[in-house]
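For reference, chains read A, B and C in written order, and residue numbers begin at 1 within each chain.
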Amino acid sequence: MSEITETAYIINTFFLLFCGSLVMFMAAGFAMLEAGMVRSKSVAVILVKNLGLYAIAGLMFYVVGYNLMYKDVHNGLFGTPIPWSPDDSKAMAGDFSDGYASAAGWFFQMVFVATAASIVSGALAERIKLIPFFIFAILLTGLIYPIIGSWVWGGGWLSEMGFKDFAGSTLVHGVGGWAALAGAIILGARRGKFGENGEVNSLHGSSMPLVTLGTFILWFGWFGFNGGSQLAIASADDAMAVAEIFANTNVAASAGAIIMILLGFITNGRLDVPMVLNGALAGLVAITAEPLAPSLIEATLIGAIGALAMFGASMLLDKLKIDDVVGAVPVHLVSGIVGTIAVAFTNPEASFTTQLLGICAVGTFVFVISLIIWSLLNAMKGIRLHWSHEEVGSDMAELGVRAYNLDFGKPGNNAKGD
Amino acid sequence: MSEITETAYIINTFFLLFCGSLVMFMAAGFAMLEAGMVRSKSVAVILVKNLGLYAIAGLMFYVVGYNLMYKDVHNGLFGTPIPWSPDDSKAMAGDFSDGYASAAGWFFQMVFVATAASIVSGALAERIKLIPFFIFAILLTGLIYPIIGSWVWGGGWLSEMGFKDFAGSTLVHGVGGWAALAGAIILGARRGKFGENGEVNSLHGSSMPLVTLGTFILWFGWFGFNGGSQLAIASADDAMAVAEIFANTNVAASAGAIIMILLGFITNGRLDVPMVLNGALAGLVAITAEPLAPSLIEATLIGAIGALAMFGASMLLDKLKIDDVVGAVPVHLVSGIVGTIAVAFTNPEASFTTQLLGICAVGTFVFVISLIIWSLLNAMKGIRLHWSHEEVGSDMAELGVRAYNLDFGKPGNNAKGD
Amino acid sequence: MSEITETAYIINTFFLLFCGSLVMFMAAGFAMLEAGMVRSKSVAVILVKNLGLYAIAGLMFYVVGYNLMYKDVHNGLFGTPIPWSPDDSKAMAGDFSDGYASAAGWFFQMVFVATAASIVSGALAERIKLIPFFIFAILLTGLIYPIIGSWVWGGGWLSEMGFKDFAGSTLVHGVGGWAALAGAIILGARRGKFGENGEVNSLHGSSMPLVTLGTFILWFGWFGFNGGSQLAIASADDAMAVAEIFANTNVAASAGAIIMILLGFITNGRLDVPMVLNGALAGLVAITAEPLAPSLIEATLIGAIGALAMFGASMLLDKLKIDDVVGAVPVHLVSGIVGTIAVAFTNPEASFTTQLLGICAVGTFVFVISLIIWSLLNAMKGIRLHWSHEEVGSDMAELGVRAYNLDFGKPGNNAKGD
């Protein structure tokens, strides 16, 4: 469909709103996953962080982020940080070449910003203070993410060099992952995570059902994440492309989960539930950089390799005594790198060198800026909870509440509840 | 698009089914939110109330509600209470001016009815008996809601006067809120909520994760709620409108949440999680009356003001010793009033006086009828649980079960579960 | 719309991706429902089974299932078990008669396979070992389901005889149900389920909120399940049909829930929450065989009868001392039979005899094959947990973890959490 008709414009708009809604719901997925992975004394704080960061992303991307990412990108480096407002003047004049209503585009991009911020909250859970986290979320969603975004999706220098990142293995998951890694290093590990004799302690998450629910919600939302990144469905070619993206996305996630099931049985005689769930997510992250070009077998391999890399990175983080509560760095950063590199092998328009360059450029920028911000925040008022607060739990210390109030104390009531 | 083509008819139908599905899922959101806000001894009852009221709404709106709301509205006061059945005769004859398949319209309207009923269940939780609640739900979904609906969306007297309520700040959230308020007054507060010396006790909800999940689901569903209320997407103008509604809806909710975060830090030094969640919901309710006309900054303000009004109303209810378990009246009724009034400032077709008149007319009708129904039900068999039943909890008293059977009793099993 | 245009092809593709996403999310619904119905010591295992089976279904249906079901069905008995890959050659040549992009069709069918497997995991929960379950899931999704599918949806012998099963009351829910029944018989009941003196013990599920959440998610997803099975929305006729399917699906589920509420009050003086939830699901299963032809009143009746049959079957299973943890056999198999038979009364193209024949043929094949597989697996390494493992719970025994780590032990912390 060389020229975009009004009907195509309508269908594309509807499609982006559908996909954006799915991605928006991923915010719930991150919230549930993280709430389930933290200990029960840190659940309420992580929940309100997730709700809060989604709200922050929504306002920041409207007030400054969207135009910083897309509007008149200066020297390929960053756009114009002014508030966004819908502009459908072309379509109102009968020219539908924008492809879809501008607010649908804003909505779809905005929910991606929130995803990047969600990655950070998980990694730093249980020990970072609320206010510094929210300040960082403001800077990430209003400044860091949009600048990186302008380099590629805004048509900036990396895009001109030929860097390919279809739906954001690097631009979304990498950005969130690098920011999380910087924070985890500055913060240090949770008390008791790493023993004095080098042992790694499992600080068991509070609720496996919530972790699983979160994973399923993320998988569900990922169809919007990757499918919507085609940004169009209203030609036969686009429709085929979106459908293949759905299929590739699903097999990559499936492969990631299954490789972790097999690995668990082979190496340990039994599987590790969070690792299986993270395997699915790692597969999703890995396929995100290029969910269209690969064949199904390639997508399967990409998902599996992404999961294996996630597994290796989890081991490595433990060795380095970096405490990442939900495995955000292995899942989002490391599998994102794998996926971004894999583009060079499936998309003939991509080159290995440029992919690597993009990964390094984004990584350096985000990691350094994040280190600086975390350090400054730390120097100002401290970003880490006092040890006694961490001990009692962030929920009681920062909010004065408990996330669960389940009454099992009265004898007899629960006699059959075995 | 002056004339509706078959393609437009198809796209609109698909769009309404998409939006209706999102709104349907809000029933799950209300169920989770309410289950998390009540104490653990009242969870199973609130769950089955939510499932039951959705089922009741589905049947009542088919058997009597839809046509009472829409069919041949008599003197602008109410329609014709006969069972609904699909009628696509015009479209089958090649005239697509109905805009969408009739069953898609029914489905979309039906899920709104359920929303109104969900509001009531939350406010009256933990102390109202099951059967009177279900009877009220039957009357609300089959009678009260459709009559009010006929006044505006059915083309009745309020609509003719120029009253504007795009997606139901008053027609859905106000109706539910007034009915809830009447019930809360008749019922009285939960035992222990208000102390003898005037103190207000927090009866901590059982599960913050469920409350947060519910809030996210509602936010997700609200895109269908407000977006779908455009009732069309199949012209470029409609597509732009729907997209802007999505954007406005999101910033209003974001603003509601953020203002509550700020207010918490400023007034109390720390935030209150349910208040932040209710802030997002209040923002959503407030923007619902007119999610299209406002600019983004206006939508932001409307969301923030809605949340502040919700906060003030919560204080006031405590002063008045009216016990609203989930804050349904502040969120849905009070923010709904704010939103309905705000229409006069953003939509030039609306007038302040008429908006006020509509709020008062709907409020008077619903509140008085609800008071009468609750009082009659109370006089007949009593609507409130016996105090000993309330003490042991509605789950054991009314269902003989416990909502949670989590086994932590055996020593040693949970040794690491700190 | 006699000829399918590019626009229709696009809209249908979008529609199938939307519906497929909803059905995919049903995997989360099954996971939550089953996690809530099992005891807290068996939650983690059931969660990973559900995630694992969805991943298995995704890969098996790609590697072998889809083409075994659809490609060149041999003598009406089974297709060609080779890996699937997208084929849109006709559409690329401008012939849109396939109706939608091939990958959208694959995606939509794949999520149905997962549904069938989800049914099995629930029935056999708490006592079956992980590895045999996964092996069965591989055979079910790669072999049994596709062969049955080829008989009808693949154009095989049952379809040629005129057997009608619109969205899979028998092909999906029956297949899952028979496989589950065979497994439940081979496995035997959980320890303590049936007493020595014939009494039936309630082994209370761990979390009613999760069961309810799962039910709502399934109800939500079912609109995609039934609506999408029209496989087209891009003509006015199809749009009307899909909309009516949504309406019928909803009233059937509503009727199923309400009849269980009434039955509870009438027979027992109070309702049983899982039975009400299963009532809704039974209504959904029953309407699945023919959600389009019935009028609304017929759909209401079908849903109610499906729920009553589910209730009767639950009693019967208890009598037969067959332990089905979530009621999968009553809900999916028995209500599916009711729904499949009901087609003969609402769709003039269907005959009672052929419907019965189809039910018997599918039932015999799936039940016998499943019995053989379960027996072989049992003979090889045993499919049932050792009694001491069952006692301690599958989570500790098979995974070495607990699904919940909620810390309520410290005195004082939970003082107000009544």
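In the analysis below, a contact is a pair of C-beta atoms (placed from the backbone, for glycine too) under 8 Å apart; a residue touches a chain by one contact, two chains touch by 3 or more.
Since the model is a prediction, treat every value here as computed from it, not as a measurement.
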Message: Same residues or different residues where chain A meets chain B? The copies count as same if more than half of the interface numbers are shared.
response: different
Query: Roughly how far apart in rotation are chain B and chain C when fitted on CA atoms, stated in degrees to the nearest 5?
result: 120
- request: Provide the C-alpha centroid distance between chain A and chain B, rounded to the nearest whole angstrom.
  value: 31
- request: At least two other chains touched by the same residue of chain C: list those residues.
  value: 7, 11, 14, 18, 39, 41, 204, 207, 213, 402, 404-408, 416-418
Query: Which chain C residues qualify as touching chain A in the complex?
result: 6-7, 9-11, 13-14, 16-18, 20-21, 24-25, 27-28, 31-32, 35-36, 39, 41, 43-44, 47-48, 50-52, 54-59, 62, 83-86, 88, 91-92, 96, 100-104, 106-107, 110, 130-131, 134, 201-204, 207, 210, 213, 398-408, 413-414, 416-418
- request: State the interface residues of chain C toward chain B in the complex, per the touch definition above.
  value: 1, 7, 11, 14-15, 18, 22, 39-41, 204-209, 212-213, 215-217, 219-220, 223-224, 227, 233-240, 242-244, 246-247, 250-251, 253-255, 257-258, 261, 265, 270-273, 276-277, 280, 295-297, 300, 396, 402, 404-409, 416-418
